[in-house]
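There are structures below to look over.
You will see two complexes here that share chain A, one where it goes with chain B and one where it goes with chain C.
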Partner chain A sequence: MEETKSPIMDRIAEANKSATTGIDSKDIKEWITIYIMGRGYKVPADLTVLTAMEYAGYKFVRSVGCRQGFCGACATVFRKKGDYKLQADMACQTRAEDGMYLVQIPFTPAEKASYDLTKEDYSPSVLIKYYPEVARCVSCNTCTKACPQDLEVMDYVQAALRGDFEALARDSFDCIQCGLCAMRCPAEIVQYHVGQLGRRLYGRNGLGAPKHLEKRVEEIQNGQFKKALDTVISCSDEELRKKYTAREIEPE
Partner chain B sequence: MSAHEDFKLLTDGMKVPYFPGCTLKTTARNFEESALASARALGIEMVELPRWNCCGTVFSLSADDLIHHVASVRNLIRVQEMNKQGLVNENHRLVTLCSMCFNTLKRSNLRVKENAEDMKKINDLMYREEDYQGHVEVVHFIELIRDLGFGKVKRAVKKSLTELKVAPYYGCMILRPKEVSIDDPEAPTIMHEMLQALGTEVISTPYNKVCCGSYQTVQEKSTVVELAHEILTHAQKAGAEAMATTCPLCAFNLDNRQKEIVEKYPGFKKMPIFYITQLMAIAFDLDKKFYGFEQNFVDPKPLLKAKNLLKQ
Partner chain C sequence: MAELKYIEGYPDYMRKLIERVQETREKRLTYTPPAMSMKERDEVLQVHPDFAPGGKRLISVGPNKGERASNEVADLLEAYPLLEEGDVNLSVVDFETKILIVGGGLAGTSAALWANDSGVPARDILLTNKLRHGDANSIMAEGGTQAADREVDSPDKHYLDTIGGGHFANKPDVVRALVEDAPLAIKWLCDLGVIFDRDESGDLEEKLAGGLSVKRMHSCRDYSGLEELRVIRDEFRSRGIPCLEHYPVIELLTDGNRVSGAVLWNMETSEYKIVKAQATIIATGGYGRLHIRGFPTTNHYGATFDGVVLAYRAGAKLRDIDAVQYHPTGAAYPLQIVGHLLTEKLRGSGAQPVNIDGEAFVYPLEPRDVEAAALIRECYVRDKGITTPTGLRGVWLDTPLIELKNGNGFIEKEFPGMVRMYNRYEIDMRKDPVLVFPTLHYQNGGIETDPWGKTNIEGLWVAGEVSGGVHGKNRLMGNSTLDCLVFGRRAGINAAEHVKSHKNSAKLTLGHLKTYVQALKDAGIKPTRRAPILLPDYRGKAALARMIDVF
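And then the complex of A and B:
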């Protein structure tokens, strides 16, 4: 992200307002002040933290992704007016509020272990081998409080500690890897990497081969989809566009 | 009514909250499986806490180090939740098997019960949990059995362990400090009584509560080798053929370290180390799958076969 500093950049940001927010400042009645890295900005009320920052003139290179609350790229840390609690969430899913102090966390520095799943034992010691700091957990639950996905993060760290791969995979399944748990952990555990290793080990060893996949591979090998694929390949650009537009779309 | 039926009436339907701890789910599964099955044979259902975390591992002695008691207290809150959900019919006891978990949970419990300020600070740190009210009592499995009466264990024995010479090994975590001791910390008898009820010939040795070396096993393996060698050879001199314990760390030091003991003392004869609950499972004639001998380092099967306690 870059803060616009020169008058020229300010003018560019001003011109971009309607493009980034979709509204004209003349029509905005409710305004709030938010503090981005300590500096106050007047922004329209009811924007998300992400769009409010863009309104204020920030252009995101990192710290933004899907804008739908799925990708985990736009972690934000903030305090609300009059509240001592440090909170964390996804900027694209959090409403900017008057008097809010905030900053984006574009990345959580953490070493990601390198492993070959085919060579690892399916045992609790694998988790401890790559992420020994798991054993430092004091069950303070700070990770759970930080999680924008509302996961029981501490519970899955504890599951990792005792090698309960099923619980680890289940309870960490909706993790979007934003890293906020790890930023807050006093034991310096990298919860989201532990969860990912756990899910991979469980997927490979704990679940067994999925029957539907075996069946589909067999169908492909038997040439069941060859004709349909050949038809698509032999299409002209125009035919392909026509087919694409007319394709059957999954219901919303 | 037979004595056995009388006992069943006393315990049938007893559902008590149970805290396993990490070791019982990994390297001491044989302890957990034999204990849960033996408890069932006595009509006791040990219901695992639905959401438990590490006990805290080692009781922190620092006066201002409250963070290391949070884990324990959180588990005690889980017991309250369990009671509210009607999962158990015991309203205050929490049963543990691992001696280390027992010690940590019980001491943290005492600390917050006796210190309202500590209790408040820890409760303030909780999130969606209700406050800990301080009504839980942490008990060890063999204490629970003693409360029911060892005579009743005796009546549940189907295959008496007569002629099996077993030395109980208490270690320190269930005896010290005396505030949390399950028995007289200097002259304990609780494991002796349990072994007697199972029919074994109980061998007493003054080394039955001498430190096994504990966590030195990680950094100072040789210290543990010396201590374990002393404990084991004294028991053997007194006539023991096996030892029984309730602590996974003692079990590791006395059992697995026999590998290094043999290397250092070639004359040493290996001796099986049982969890006391494994002996219960054998005496109650439960299915072999509950014995879990594959996790014992020194194989107890030859000894048990020689005593006709295990089929060839």
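And then the complex of A and C:
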């Protein structure tokens, strides 16, 4: 059933095979050794912690998600050769380095509060009501050092304490909720849940209603665009193409 | 690559090539190549992976027998089930629920919330995930969500853009639902506390994107999907809706032409569980991890086409399943991030694709298939690409142009995720261009539905990327998160209505497998492939070669 081949597609597939199938050691020029939970493995030098572990033979079920730094599933704790520092990062975003020894943290035990925002005031006391441990912050900055997104975590915890929703939302916005801050916090605060509640309160109450959105929803519900849609949906293919080509593009 | 010298993240030979990009930058600040004519588009599409010879075949079994699909897709549709009748005891039901939702991205999570809002108590809903709740393509969506809510815009304009972008192959009634519900979806998210980008006056900031005629893209920096999903997931958790993680569905259960439940499988203990459900909503996403035609992908680890495979065996009809979306700009360097998404918003904000000679060779905002084909042509037909130390080819995406056009600090404000990703490899995308090549991005087609997400199978709804029809042959930016929000909502509401008016008297059987396996045998297909595959396998070949199973 196979049709004729495409040499271009074959060349693209060949060039990409290290990213699409397992890595073949014959393609590798430089090697490093990493220690996965204490055991040494020789792996190619151009990999992330995640792909290096896969090269070594691990097939992940946990500690993996989007593989591109957005989901926070692959939290990793490691030390580098000759360095006293305990570091934390995302396995999919961290280069594997020679002598690194590491372990995955697949889960963060943490209590998330339940709330109904329609019944809450836009007040700093809401944060304290649901997460009173915020007040235990000792400003040690360990959370900030643990953050793989380089967020100023301690600053947003302090903003939560002050009731500064805008700063809390701004400083916590890029949070991927990996849990590393909470795992390192000596005051046992779950920073990323506090950030989530704060951002939702700010998004709901602190930004002002969009000017035209509500009106548009009403217009649609009142059937204002029914006729225009009826018309366009009943167009012949030819008419549609004509309309499409004649569209005016809004300037930048 | 020990012999190479690296300067600011690039080997010195690439650094020298960057000088050519710098030399032409000022000239390109005021020059954009013209958009292609329809004829030029058709010409360049000959090298698009969907149109280049090879790569596809006719499906030999099931409701879409005789239609063309990518080989990797046909392989899974023509695979044998993981289960045989008798492998599982269907007389013991572990979970009896009214609505079973398979997949916890934007679509599945929205469906749960709207079913709950429509009167189905939380305890009567069950959301199950293959990975964690939220480990989905939704969370990786960078660009944003379309909705025609500005005064100058209208749902019919959104309709026309969508259907033209889809090469007029879209299913009209579902496109209509998409564009009509879009403003409502944005309002729902705002009310739940999603923080969309605002302009100086405090109003929603809306942007252009490839194929749009009006600015209607709503973004949350370059973390749009993350912000939308984490907010609705937080609402889901606050309501205490039951949720299972690392529990994929490995087969649907049926009673004649009706889905009546599912077999779940615990990925850690290998134990199975039987679910009985009055309504099942599949929201399992797409198929990037099939690496169609050997392309890298922007997709998450679990994007393995499971939902379509399961529904197809139960008799669900597919449409536009032959159309694969390759995003024009995936990272091509360094090796660690090959295939990762560089949002279209970069080009929407002024970045230009540039070849090895420093020339801008394509209008930056062609529809995605045309833009992707133009990049492939530049690299492999015209030989104007840049080859990386590991043998990949790509073209430059001249990101420093963005700041020349929008002012200093713009990139850091709008693209924090991108800046962060490149900084890890000592590349400053504000000062230097980045190397890009098309990457497998989206399953354009899928399971056919009516405007309420209902399939041709009784008791089965679908929502999001797993469905087909709304995007035709090519999806526009900002219509995927919207698809999830609109049809997740519609499926949730419609399934809720269904369970309120129907009693659950259906049997739990694997009867549909018998028919399907017989069809496979009749077609002469050998039982070498099994599906769903659940996860891809990237283990090193050396380690795999020496693996043995001893217990």
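Here, the second predicted complex is superposed on the first by the 191 of 252 C-alpha atoms of A that agree within 3 Å, B and C clash if a C-alpha of one lies under 4 Å from a C-alpha of the other, contacts with A are read in each partner's own complex, and residues count from 1 in each chain.
Rule of thumb we're sticking to: a residue touches a chain if its C-beta (ideal position, glycine included) is under 8 Å from a C-beta of that chain, and two chains touch if they have at least 3 such contacts.
Source: prediction; values computed, not measured.
Participant: Tell me the contact category for A:154 with respect to chain B and chain C: first, second, both or neither.
Facilitator: first
Participant: Output check: A:81 vs chain B and chain C. Expected answer is one of first, second, both, neither. What do you get?
Facilitator: neither
Participant: Please work out whether A:68 is in contact with chain B alone, chain C alone, both, or neither, and reply first, second, both or neither.
Facilitator: In the superposed model, A:68 contacts chain C only, not chain B.
Participant: In this superposition, which partner touches a larger number of chain A residues, chain B or chain C?
Facilitator: Here the partner covering more residues of chain A is C.
Participant: Have a look at where A:242 lands relative to chain B and chain C in the superposition and call it first, second, both or neither.
Facilitator: neither
Participant: Tell me the contact category for A:95 with respect to chain B and chain C: first, second, both or neither.
Facilitator: second
Participant: Please work out whether A:138 is in contact with chain B alone, chain C alone, both, or neither, and reply first, second, both or neither.
Facilitator: Only chain B; A:138 stays clear of chain C.
Participant: Show me the residue ranges of chain C that touch chain A in the complex, using the header's touch definition.
Facilitator: Its residues touching chain A are 1-2, 38, 47, 49, 52-58, 71, 131-132, 134-137, 139-140, 148-152, 154-157, 159-161, 163-164, 168, 172-173, 176, 179-180, 183-184, 186-187, 190-195, 198, 201-204, 208, 213-215, 220-221, 223, 225-227, 230-231, 234, 237-240, 246, 267-268, 291, 293-296, 298, 300-302, 334-341, 376, 380-381, 390-393, 416-417, 420-421, 424-425, 535, 537-544, 547.
Participant: Of all residues in chain B, which touch chain A in the complex?
Facilitator: Chain B reaches chain A through residues 22, 25-26, 51-54, 56, 67-68, 70-71, 74, 125-127.
Participant: Quick one: in the complex, what on chain A touches chain C?
Facilitator: 1-6, 8-9, 11-25, 29-30, 43, 46-48, 51, 54-62, 64-71, 73, 93-95, 112-117, 149-150, 169, 173-174, 176-177, 196-197, 199-204, 207-214, 216-217, 220, 225, 228-229, 231-233, 237, 240-241, 243-245, 247-250, 252
Participant: Inside the complex, what are the residues of chain A that reach chain B?
Facilitator: 124, 137-141, 144-145, 152, 154-155, 158, 161-164, 186
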